[in-house]
């Protein structure tokens, strides 16, 4: 083998080894997916500190939406069908906000275990359905927790 | 469906129309810009050819 | 391998000749540590909360800013030309240079980060997270940055161009590195971020030397 | 005066040749603005609170970092020698250079600061305070910095030395500038800070040219 | 030095570097076209041409720093790109010295030597002495005068040519205006070194603005005039 | 040019620059001691010496860039420091070109002209044409070849010497190895320009490694050999 | 002769003809209007179907019609990057002049598509999510893509010598290609606010045909538009690069008369 060829083989070898290690590590990373938000169950099990800002995601619990006395603050429960977190929010809610909708909220949890949200975002899924066929779908969505037999993931 | 209802877009007029308008405008701009540049390049090259011809006639 | 070590050694020799370059990251750190308390409203918890983020930003800026010099002086005095002509493996030579560069910026920075953390009152579990994050992240920053520096070596004030080129590739490292910090502050797992940083590092260290060498060959002519 | 204008003009000409150098502060700003959201925990009000301070720090860093290039390239290609030999008033010539430099970093920065404030959600009264603070403060930063740059011009990587020399003189500007901001956030008077900044500026612009010229004459031989 | 001659004279192949139909464009201008060069052992190719005629450009193409717009360069019949043998056998001294200002003269040389895997302080001193700059061995390169720097660059060239490790003796020297800034004695010195190199079976490609007729190189010289190769100035 | 000659020939004082007992130390070494020089109008002072003997150092002392360790330099009998007349009457071309890479050739010249408060595009073209580099007027200095850069530096010198404003015509040229990198034609060209300048009543201080005996400058020349002045190499 | 080798031969011919600037210029003069026309027709059909015929979504109502510009722009932003990087690689490996032209002409187009995807996405997100921006994986990575395009353009224009500029730009384009899979899979790898795949979802599109058809039409229209714009600007670039050559002068003189 001439020196030039030897060099070429070394390069190829290095590339193959390096890329396969990188792929392995990347796969390992995928195993424990990085979370943009946490679920109510996680909050429940791991506890919370009132200093921390939490981003919690889940479905709006059916029949939990209520308006406080001041007329602008709303309260509702966010659920993953196993545990709930009560959320309190002052401000304009996204248009998609409704019972059974998946949402993401951001805020601190106060002494009464109520998450005082500074932001409420709706999470739209990948299903597009015409208006005419909507009723059944919407009902199914709102009753998702009733139909589910475990935690719903988002 | 009548036109005003159509333009109203179920209350999302601003969002829908601004997106569509912006997209069309961008696409049109790309084409216009390319055509404009084409004309300018051709003009410049033509001028250069003329200059060279003049130069050759002189010498 | 020998080439790598030699270049590593020479780079360090040059740094020692020029103490200025050696203490650059430290000075930079001190500057940041000094400037922020002076310029932020006087709330004690504030610094503690944003301290980790600031340190990461400082690390990114420090690597970004030291990049311009990485190949520039070699290019100007002609040693780079010599390396291109003579070096059997330009990749190895440049890797040596880059690693020396990292050890003088990234490693330094990492080693001093706990000190900075203390001045920011950051809790000690977080200090470790920050430390390992920086240890894993800064080599990638330097390696990726070196590619940008190599592409722009012939340009006189390439600094900005490096920044523009490199920033998109820096952001992921920053996201995972700093993300690790805020995750751990919330008591969440950080293994996934660690793996990702490691993957980025391995990828960078295998590919960057080739990218650097071919960028240098392509732009110097 | 003519010399001043000519040097001012040429510096701008050089900057325009090199768009990189021209947009440097802007890019720097964008980078800082980008890096912080990536690296801080996700709180919307946080950025708003520390935004002003970050912008001041960015301004200080931007002037600090652009200093190294101020006389270096002139020294390396020999134009500085030419100026020393030929210029009847080296002071004026260098003042022209420095002002051009300021207009490309400090002024730019100041002009763009409101935009940055918007992305940080800073309230609009504060934007004005920040704007005028920067307008008054950045020239002093550049002038003071230029003295440091002149002292270190013959050193290869003088950047750090500049930083060390200059930082003590920068901190007062920073304290009064950023102090103004937190004062006004609490609804307090800010005239005293404004006067101090103005005094610093006048002092700097009278003394700096002489300091710069004699530093250059002394170090280049 | 005789070792170098002995090992290589046995090669049946005398031809080191070949350029076929080289063409170089810079900006809008075509500097030269249709250049064919062959560099054999024991030959000194002198490239002449006015300022800006493309001498430096040609040299840089020949040593692989830049690539021609068309045409090929061969080293011992192999293409230049990624040619490890070429890297090991060629030395280039251009307008830039390739010296580190922060290091002293001898440290600059030492680094070059270490790259070749050798450790021989004596050789460093010898090289400096040969170019009569031993007295500035411990000055940092920054403190050297213009001519002293050029001499130091030459000392480095010499060092790597002398190196006795298997593959790394430089057979081909590529010199861009080697006598720039060097005084009369130094010039004679360098010419002698070149003659020595050539008679040992090495080859040289150089540019120089004056004629080589009077010098010791005259009998090895062959000339390539770039102005004859269609550059349109 | 004749204007320059006319105005200045009437000066009773022919003596421009004087150095008394100059002594220069670099690092630990004393480069030269006891140097006395006088430069008169119409005189070309040729400083000779081996590499590293201190030619460049002397030139820089004479033009006020650095100061001697002892001894004084006088310009028209006045000390050099803060001497506005000196600044206006001297031009220096050293190893560094003093060109901005980012600017084109003609822009580099134009800046020089503007500094003298003149605005005359024709003159710029003339200077470039005189040095035969008009064809690269619009190339950025970075793209120029080594020799072209040197020529451009010379064009700038010429430009400021020609300038017709009151005080700013350069009477004294200080040239450090002016022929470096310049081809044979260019060299003849520059020699002619120097002769012209001398015969118009200017003066030149220069270093050059070869003898000036053969050149047109021979009859204006006086030589100062640094090696005779006690530098201990 | 078997069909495979015929096709192969044909491809090789096309490759060589497209590889020469002159041939490319001539071919482009015929193909450009075809691409433009196709794009226009598809756009009109898609817009008509999408704005008038497609039913409103049950949740988003009429705001979902933004999909017909958002998704084509977003897809194209990725597609253009792939084309650019491939062309850059071809240019570097086989030293093909036209490949660099394609790469550098794609960059601004890609940047526009990326900017469109970002802006339309933001406008859409405001009513639907309740925010126009959040630092979520999909949005962030798309923003990085925009910066990458800027970097590629800036690199090209920073160098004076064109050959160097092309190589430097190509290198950066190739390095940046890692971002494309990251953007595409970001919604799966990270729990993200942005929705997952609708069209290529598991078990077929999650969308009825009368919503899907206009979407497909619009995507095709954008694709052809990209081809059209690419041809236009590549022609400009070729003219500019080769303006000293004889054939350009001949072509321009002919057009003048």
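By letter and in written order, the chains are A, B, C, D, E, F and G; residue numbering begins at 1 in each of them.
Going forward, a residue touches a chain if its C-beta (ideal position, glycine included) is under 8 Å from a C-beta of that chain, and two chains touch if they have at least 3 such contacts.
All figures in this text were calculated on a predicted structure; none of them were measured in a lab.
Visitor: Name the chain pair with more contacting C-beta pairs, choosing from C-G and B-G.
Guide: Ranking C-G and B-G by C-beta contacts puts B-G first.
Visitor: For subunit A, which other chain has the most distant CA centre?
Guide: Checked the centroid distances; the maximum from subunit A is F.
Visitor: As a quick test, compute the distance in whole Å between the mean CA positions of subunit A and subunit F.
Guide: 75
Visitor: Just give me the whole-number Å value for how far the CA centre of subunit B lies from that of subunit C.
Guide: 43
Visitor: Roughly how far is subunit E from subunit G, centre to centre by C-alpha average, rounded to an integer in Å?
Guide: Computed value for the inter-centroid distance: 49 Å.
Visitor: Could you give the separation in Å between the centres of subunit A and subunit E, each centre being the mean of its C-alpha atoms?
Guide: Chain centres of subunit A and subunit E, defined by C-alpha means, are spaced 66 Å apart.
Visitor: Spell out, as numbers or ranges, the residues of subunit D touching 2 or more other chains.
Guide: 18, 20, 38, 41-42, 76, 156
Visitor: Among the residues of subunit F, pick out those that touch two or more other chains and give their numbers.
Guide: 101-102, 140, 143
Visitor: Can you list the residues of subunit G that touch 2 or more other chains?
Guide: 56, 61, 63, 127, 140, 158, 160-161, 163
Visitor: Would you tell me which residues of subunit E are touching subunit C in their complex?
Guide: Interface residues on subunit E, with respect to subunit C: 60, 63-67, 84, 87-88, 90-92, 94-103, 107, 111, 114-115, 117, 140, 160.
Visitor: If we count contacts the way the header does, which residues on subunit A are in touch with subunit C in the complex?
Guide: 3, 7, 11, 14-15, 17-19, 21-23, 25-26, 28-35, 38, 46, 52, 54
Visitor: Sort out for me which residues of subunit D touch subunit F in the complex.
Guide: 2-3, 6, 10, 13-14, 17-18, 76-79, 81-82, 84-88, 220-221
Visitor: State the interface residues of subunit G toward subunit A in the complex, per the touch definition above.
Guide: Per the touch definition, subunit G meets subunit A at residues 55-61, 63-64, 67, 127-131, 134, 136-137, 189-193, 195-198, 201, 206-208, 210-211.
Visitor: Where on subunit C does subunit A make contact in their complex?
Guide: Where subunit C meets subunit A, its residues are 88-89, 91, 176, 179, 183, 185-189, 191-193, 195-196, 198-200, 202-203, 205-207, 210.
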